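Letters A, B, C and D mark the chains as written, and numbering starts fresh at 1 in each.
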Amino acid sequence: MSISRDDLVNWVKNSVEILHENSEYLTELDAAIGDGDHGINMDRGFKAVLAKLPDFEDKDIGTILKTVGMTLLSTVGGAGGPLYGTFYMRAGMAVAGKMELSLEDWTAALDEAVKGVVMRGKAELGDKTMVDALKPAVDALYKCIDEKKPLEESLQISADAAKKGMVDTIPLVARKGRASYLGERSAGHQDPGATSSYLLLKTAADTWHNG
Amino acid sequence: MKKLINKIDDVVPEQLDGMAKAYPDIIKVHFNPDFVYRADAPVKGKVALISGGGSGHEPMHGGLVGMGMLHAACPGAVFTSPTPDQMHEAARMVNAGAGVLFLVKNYTGDVMNFEMAAELAAAEGIDVQNILIDDDVAVKDSLYTAGRRGVGTTVLAEKIVGAASEAGYSLKQMADLARKVNVNGRSMGMAITSCTVPAAGKPTFDLPDDEMEIGIGIHGEPGQKRMKMKTADEITEMMALSIIEDPPYSRTVREWDKDKAEWVDVELTDPPFKAGDQVIAFVNSMGGTPVSELFTVYRKLADICDKKGLKIVRNLIGPYITSLEMQGMSITLLKVDDEMLKFWDAPVKTPGLRWGV
Amino acid sequence: MKKLINKIDDVVPEQLDGMAKAYPDIIKVHFNPDFVYRADAPVKGKVALISGGGSGHEPMHGGLVGMGMLHAACPGAVFTSPTPDQMHEAARMVNAGAGVLFLVKNYTGDVMNFEMAAELAAAEGIDVQNILIDDDVAVKDSLYTAGRRGVGTTVLAEKIVGAASEAGYSLKQMADLARKVNVNGRSMGMAITSCTVPAAGKPTFDLPDDEMEIGIGIHGEPGQKRMKMKTADEITEMMALSIIEDPPYSRTVREWDKDKAEWVDVELTDPPFKAGDQVIAFVNSMGGTPVSELFTVYRKLADICDKKGLKIVRNLIGPYITSLEMQGMSITLLKVDDEMLKFWDAPVKTPGLRWGV
Amino acid sequence: MSISRDDLVNWVKNSVEILHENSEYLTELDAAIGDGDHGINMDRGFKAVLAKLPDFEDKDIGTILKTVGMTLLSTVGGAGGPLYGTFYMRAGMAVAGKMELSLEDWTAALDEAVKGVVMRGKAELGDKTMVDALKPAVDALYKCIDEKKPLEESLQISADAAKKGMVDTIPLVARKGRASYLGERSAGHQDPGATSSYLLLKTAADTWHNG
């Protein structure tokens, strides 16, 4: 089993929907410890991706991911824009030219993507950011490869790891981004960026479950 | 939510369009990507000063574009940093060959988007520098956080550094001046009501009828602490003392080194205020507080400065760096020397700030 | 009620004190009776222009005192006309021997208090004239009422007539000019929230979350009608058309005849706007509406004026005649000729309005 | 029976209290059809009168009334200031030099006072102003004189007439003052100025009942 270009495009399309559905939820999370725009920003960015998708969905997977990243970069704004922009652009660079992805390819892409996020934002695990959801998801994928788990199951395990990482941000005191201004007051709230990251990885697992 | 707007998606572009229609002799507006720029840009032989940030802080930044202040401003969505393509295109439009200085408020989003824009501009051979404004004393511990936010000092820096551009300063001189303004400026803000982001449709936070938020930012972020409402004098005293007695503040910031063409870490320390200092006192409305209430604040602030031996040599009072219709205010004190004062007094003609011309 | 104030009774005097501290080079404040006056008053050889009214409309009037505008302003309690002793004392302070023009917004209280002040001043041998501003088209039938209210045109009249004083106009010339400005100016206002008078401690009116008041005054008076909230474009169109299509408005006003030393009735008629007219467009915030929203209004207003053949030659956008922290706005259109335009462009230096100097 | 100077001073003092107690009520009436300051204005003015009273309470009744009027003129502001200022000044002029007032004196004083109000404000009966309470009160007094009613009873009848005039303002459409801007919307509300006028006349009747 592998991830075809169509699968990938479907993931992007489903992401548009999921982020739209969760726009208010993400915005509420951000209102509690940030500035209440994360859901709005992501929704705006992914809507722009959807609008542009016809122009590039017939390209290779690397190009598609890179173009998604560039579109997000120029439409999301805020912290999310450069971070998710970098995320997709780096992922695309890691799988440049490919027309389908194996578990190993997907893992490499996600690994590069997360490294890009860390390079740009300098957040470490435990800083209460999207990295807290993303990093465990990558680690889980490598473990699945070691354990020779099939793709579908691995994606599910990876999404579960992201979910745990997301939930684990709740007690944390933020040390990066806008939430860090709150100090102790940021504890007790789930990080919006970790939540959107989880949603994206969960959507991947869901999309490619029947894919 | 009740606001004087049409469709939510059109809020920012229509406001920009209205501004362009109102001040055609001062500014022009470029759409896709969006930025406001001087009607006479590029200004021959002058270094271009560009700022930007989320919308909702008007007149900052778009309303501060014009002779003696900004050459361009890049507005993001409401309370959301603009994107790198905006700053990149703006830089291309207003660069007169003498280089471009990005004045960036210290928010993770703004910093990252401006950094990416600087990389794009530098890659094209534009001389570019970025200077951060991080002046909010409400953000205490900064070692492991995003550091202090950029607030009121931004407006003062745009005026002073903009005048320096007019006077023919080089890019390096302007960057040095901007850094000096930043380390000498300190601010703190408070809110008595929330604001409502149009796309969200409801107030960002709820604040009971007898409470206020102290140490807020300018994006409806919750403040440092919530407390019972106090008198204007008590509030002013609390905030003024937090500013005046703030200890030296040290941090590392990233600046673009145009010769090495890479990011370098720069250590900065704010010198604390001391008796005998000359200051510009800036009392700012968050948007919904009328100017009349600011005078009560200024009255007490002048009194406190007097007692502390700080001499207010200039002031600015009104809504300049706002949070939509939020009620509340911020105080900024900027220690000035002759160079800064000269540029403060220099003529300026923008939609939002004008004198001497 | 949450406001940046101390004791209720101190609200106005402390705000005045803060203003005096902030602008010592422009204004001084006299207490008991209270009035704001030019730091350089009396201005030799010039006719003094005095206005006044309830507080809560800042920057009008106290913030509009200074070179090229008012010589003195008399602030009453919040939303309450000042008393005759204030205008009388202010007239004595700023009269340079060339006489005093009272610019009075048409409210029963203002009219009666200024009339009594004019009688007191005249009895002392001060040359005095009073001109009413009554420009609010929301007040329809006026034959048996107090007539139209004085609103936005007041600010424009203070600027234009103040510049005429600077240019050496006589008292009669200034009165004629003020009357001309008044009959050529028309305004209308609306509110989306109430305001809270400090002494009352709670909002003057309740407005459901989806309703607005159209045709309000500037004192939290209920408007002409209450309706469902509409888009900025719809609201602007409704108000702009009420102004532009307003038929000729005739009324009798009382003016002091200084030669006869008695009150005389004067018949006035506003000429309606017509295609080809040049206008100053003034979009005013009621205090709590941020300037960003005014640009959406201005955008549509410019469009409508264009379609109606009115040429906007100048504009003013911001909070100038406010109702405390009320959210809402007003639109004023003033048909101008060369004389008015010249004085509009003349330099002005007040706390609230400044250009050319 | 007559009204002594002490009685008169007591009326002024009691008026201070009554207007303070009714400040919120008057302000609410004014908020409905005016600008919500009538109670605040009257309270401020009468407090100023109370503060100054020691300086002039030993003068004749005419002087006392005139000084009350001048104090109100410079402290009340709004429409109420010149109107009530004129009211008391004219009343004082009508009884200049007197140390006590007969029913006839009081009637003459009130008549002059109301004429002053009409001169200043140009309101006619039915315009929904304080004149609607004041004028019937004067008319009632003249009738009492004709009918040779005693002072106490006359004052009560006069206050009752003011009350009726006040209540009768409710259905009226205002034609003077701030309420006139409302047009038809002013109907259904009691006029604040008529209410304060009634309160002052009722206080006179109450004060001089035991006086």
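Convention: a residue touches a chain if its C-beta (ideal position, glycine included) is under 8 Å from a C-beta of that chain, and two chains touch if they have at least 3 such contacts.
Since the model is a prediction, treat every value here as computed from it, not as a measurement.
Among the remaining chains, not one touches chain B and also chain C. Ranking all chains by how far their C-alpha centres lie from the centre of chain C, first place goes to A.
Chain A and chain B have Cα centroids separated by 32 Å.
Rounded to whole angstrom, the centroid-to-centroid distance between chain B and chain D, based on C-alpha atoms, equals 56 Å.
The geometric centre of chain A is 75 Å away from that of chain D, both derived from CA atoms. Counting only residues that touch two or more partner chains, chain C has none.
The touch graph of these protein chains is an open line.
Listed by chain label, the pairs that touch are A-B, B-C, C-D. Contacts from chain C toward chain D in the complex involve residues 33, 54, 76-86, 107-109, 112-113, 115-116, 138-141, 144-146, 149, 197, 199-200, 204-205, 217, 219-222, 224. Chain A makes touch with chain B in their complex at residues 27, 31-37, 40-41, 44, 73-83, 120-121, 174-178, 180-183, 185.
Only residues 2-7, 11, 14-19, 21-22, 55-56, 58-59, 63, 192-193, 209-210, 212, 229, 231-233, 235, 287-299, 302, 315, 317, 319, 322, 324-325, 327, 329, 351-352, 354-357 of chain C touch chain B when the two sit together in their complex.
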